Structure formats: structure tokens, C-alpha cells
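Every chain is named by a letter (A, B, C and D) in the order it is written, and numbering of its residues begins at 1.
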Amino acid sequence: MRRKRQGPYLEHRTQVRVRFQEVDALRVVWHGHYLSYFEDAREAFGERFGFRYQDFLAAGLLAPVVETQCRYFLPARHGDTLEICARLYPCEAARIEFGYHVRRSHADLLAEGRSVQVFTDLDWSLCLTLPELARRFYQRWQGALVVPDA
Amino acid sequence: MRRKRQGPYLEHRTQVRVRFQEVDALRVVWHGHYLSYFEDAREAFGERFGFRYQDFLAAGLLAPVVETQCRYFLPARHGDTLEICARLYPCEAARIEFGYHVRRSHADLLAEGRSVQVFTDLDWSLCLTLPELARRFYQRWQGALVVPDA
Amino acid sequence: MRRKRQGPYLEHRTQVRVRFQEVDALRVVWHGHYLSYFEDAREAFGERFGFRYQDFLAAGLLAPVVETQCRYFLPARHGDTLEICARLYPCEAARIEFGYHVRRSHADLLAEGRSVQVFTDLDWSLCLTLPELARRFYQRWQGALVVPDA
Amino acid sequence: MRRKRQGPYLEHRTQVRVRFQEVDALRVVWHGHYLSYFEDAREAFGERFGFRYQDFLAAGLLAPVVETQCRYFLPARHGDTLEICARLYPCEAARIEFGYHVRRSHADLLAEGRSVQVFTDLDWSLCLTLPELARRFYQRWQGALVVPDA
């Protein structure tokens, strides 16, 4: 990954079942579907912590994805249950940075990824400073942050 | 098909290339993707004849799909170029009925399908009579209708 | 539906969460994704009762879908949890017939559908009689069949 | 992008039409679909220059994707025709590196991306040196390489 984030993070794990139609002619999950798994994980994260698209909209905000990245280590197969671990790294800039780890049965690391979102208003104009909604969100969950070992 | 439509129709053919990611573990196109091909064909039809979602919206109309059907005869494979033939059957009721034929290289019939849409206003309330937009559309293309042999 | 099946059936219910990326510009689930939900339901059914693609393969069989049908009554939206009820109707012919009901929160009926699969050998040659695997499967679960009221 | 490739490249442009079902609730193409566009571009490239999955398979090779990256600048919308420019950067290592640019009507740069594939044998064992197939391919098209300005 370009910038391996090191700071404190808020984490949520969600499970995804590989669908028959997500597997390609080589009998492994087509690589593009991992961005679906990341979206699922982001959504589960948003529901767990109260940080959903709907909450953004209610505050007059959109949060379009402006960057994604994924590295693939081992293939996932039909019937696999995957655990997607999503970590949000709070930051002062007006952006949302997630890191992802995809594991099979809490074991093999299949892939890791990263996404960056920005905040815009409902007319897609970029927010230059961190919106109040995000600031309050970070404060609310300060105590739940995981601080990685030095 | 439940009701094999027999009346005059307006026809448009469009080509679709089978994508790698549309092929499943059995190395054939996963059956659900045919509804994508039908959507593509409907859209190409709309552009050819001036009967697009955007035209509906501009007239205060939506046209949600309320029924789909597909029969599969032969599998499509990665690399195939498919010809989707879409036929619109004008009718007096406030609905849009399409029939579809999927062929490989103008030859083998791989599948045939059918879709029904209704008209609603922008609040999803059902239109009980044929909207003016559709009436004018049918009149405009009356001369282009194909009348099947008896 | 063309042929509303009336006989005894084997039933399994599974839950599906509507993904953000399954919702279209009208903010409802794009109609084609219901075939994904049916596939998910069929797979959950296969796992519950021991009637999976893998079981077919191990017996030298494929079970391609040869017909699908869906009727849409009410739209599903982002964030909805859907219950897909899949009913298998055992029959003497060498085919698998499923019926589906899609409900939101055990309540509103959003859609109903149907799929037909045939059995083939691994070279895609049609099985003309019911394979032993299916016969034994029907016998095994005879006691679990639900007999609808007359 | 992590490593902005600077060397000579082989280029192919392909056009993709945004499908109705690729647009999300915000009426823009859901970001994950760009990996589909990249796959389409890679496939068109492979057909143009003779560097397709089928060619790899015939030589006993697979070429799984091990890394993807995408940056999104402007949203694509329903009805847009996108031009995907794919550039292959030949290298001595046993990997395939592509860069992508997504433009609307040869104008606005909507997104840029990158993918890395490795070569493996048919049992997914990594090739440690550049396969003969790739070496011959690079030699064959040496004269077609575009050398960027210093």
C-alpha cells in the first residue's frame, strides 16, 4: 500500500459469503468484487458506529470515494465465508480513510486494501475542512480507538 | 414464454460483448447477466427511436420493470459477441412490453426473454391510461412496425 | 407466473441485505439483482438440505438454469433486509423447479419468482430421466415436505 | 499512483458505454465498476495485440491480478461513452503492469488506474522469470512502443 497508515483506528469486522456468481472461469473470486466486499464492510461499520451515508445526507454531505487500492495474496473461492476487517483512521483533513483486511475463517490473509473518501456538499463541492459531523463522530468514539503497538 | 406476443412490433438489434467477469465457474455466462443484456438492448432501442428513461423523466414519468422472463437454450461463453434483438409490442394498455432474442453471430439462438414495464408518475403512482408520450411515440413510428406473417 | 406450482414443497428462508451498489439511479434495487437473490436462496437451500452444486458435481452432474421468471410488486431499497423464501417442488421429471418469495421484514411481498434447472452430465448432455442423486434426495426429505391446503 | 510508470509503453484505446445498472443512488457510476472497465480495456488490448487469457492458457500460464489501484477525479454518468486508454509497460520481471486513463469524449479525465498481474502455471505456482510467451510478445511489438518525452 502506498501509505501504510499507522495511527489509532476504529475497527469493525463483518462477514461476507462468496456468491456463486462472484467466481470467475478460474473458479476464484474475480478481483473486482473485493471493492464490493469493502463497500459492505464500510456499510456495516457505518451501522455499528453511526456513520452511514444516510447520516451524511441528513447533514447535507456526500462522501464520494476518490481512491481505492487492493493487493491480492490468495484467491477466495465459492462457498468461502470471508471476514472483512475495516479500520477507519481518524484524521484532521476533510477525508475518510479506511484500511481493509480480508481473511478466510479468521486465518489466511487473502487481500488487503484501502479507500479514501472526501466530503462534499450535496452539489458535489468539496469540503475544505473537516465537517462538524465527522469531528463529533471522532470525539464520540475516542475511547474506542485501538492504538497499535509502537 | 407465458404470452408469446404475436402483433406488430418495432425492432432494434444491438451487440454485446461477453465480459470475462460475466462468466461463471462453469465457463458460461451466469444466467442472471441476461437481464443486463436486455437492459442494454432496451437502452439502445430507446436511443435509436427516442424512447429513453430521460425522455420519460422529462415527461414526469418512470417506467419500472414489473415482470421479466428468460429461457436459456445454449450457453454463451467468454469472447462471444452476442446480438440482442429487442422488439417492442405497442399496446393500448399503460405498459411497455418487450421481447428479446439473444443470438451468437446472427446464428444460434441462445436465449429468449420478455419484460413488462408500467408507467408511473415521479411518486411511483401507477398510470392507469397510456401516457401521451407513449401514444405519440407509437404514432410516430407506425410506419416502421414489422407485421409478422399470419 | 406461468405455471403456479401447487404441490408439496421443501422450503428454506434466507436473509439478504441490500447492498449500496445494487440500488440504481431511482434509489431502488435494480430489477436484475433479484436473480442474484434467488441464486443466494438456492445456495442456502442447498446447504441446509444437502443439495449443492458440489454434490451434483461429485455425482457427475451439472444443473444449468433453463428458465427464470420474476414479478415485481414493490421496490426494495438500500438498507432493507430481505427474506427470500425458496420452495423446491419435487417432480418426476429430470428438472429442478424452485419458487421464490421476496419479503421485507417478514411483511410486504416485494417480488415472486421461479426458476427451472435441468440435469446434464459434465459434457452438458441432457439427462432424460431423474438422476439417482435427486431421487434419493426427494426420498430423504419426504417427511419434511409442506403440503399446501387444498 | 504509487509508482507512476515512466518507461515506453504499448497503448490501446477502447470505448465503454455506461450501463443504467452501473449507476448508483447518487446517479454516478459506482466506483467499483471501474475495475470492470479496466478488465474490458485489458481484454480489448489483448485482442488487438495478441495477448489474451486464451493465449496464456495455451502456453500453460495464468495471469492473476495481484494489485489494483484507482483514483477518481470526476464522476461518470448514465449515458456517457467512456474512452479507456490502457498502457502496458513491458518489464523484465515476471509481471504485467498496466496503466489506465478513463476519459469522457476524449476530454475530461475522470479516473486513472493501475493493475499488476503475475504469471503462474496452471497450478497457481508463481513464475519466477519472465515466460517465453511474454518475452516474444515484447520483442514482436518493440517497434510499436511509445516513448514518452523526457
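Please note the rule applied: contacts are C-beta pairs under 8 Å (C-beta built on N, C-alpha and C of every residue); 3 or more make two chains touch, one makes a residue touch a chain.
Computed from a predicted model, the values in this text were never measured in an experiment.
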Query - Copies chain B and chain C touch via same or different residues, half shared test - result: same
**Report entry** Identity of the chain that, by mean CA position, is farthest from chain B
**Finding:** A
Query raised in the report: If contact pairs are compared by residue number, which of A-C, A-B or B-C agrees with A-D in over half of them?
Result: B-C
Query raised in the report: At what distance in angstrom does the C-alpha mean of chain D lie from that of chain B?
Result: 32
Query raised in the report: In whole angstrom, how far does the Cα centroid of chain B sit from the Cα centroid of chain C?
Result: 24
Report task. Quick one: report the Å distance separating chain C from chain D, using the average Cα coordinate of each chain. Result -> 37
Report summary line: Residues of chain D that touch at least two other chains are 20-21, 32, 36, 39, 78
Report summary line: Listed in rising order, the residues of chain D that touch chain A in the complex are 2, 26, 28, 31-32, 35-36, 39, 62, 64-73, 75, 124
**Report entry** Residue ranges of chain D in contact with chain C within the complex
**Finding:** 20-21, 23-25, 27, 30, 32, 78
Report task. Enumerate the contact residues on chain B facing chain D in the complex. Result -> 17, 19-21, 36, 39-40, 43, 53-54, 78-79
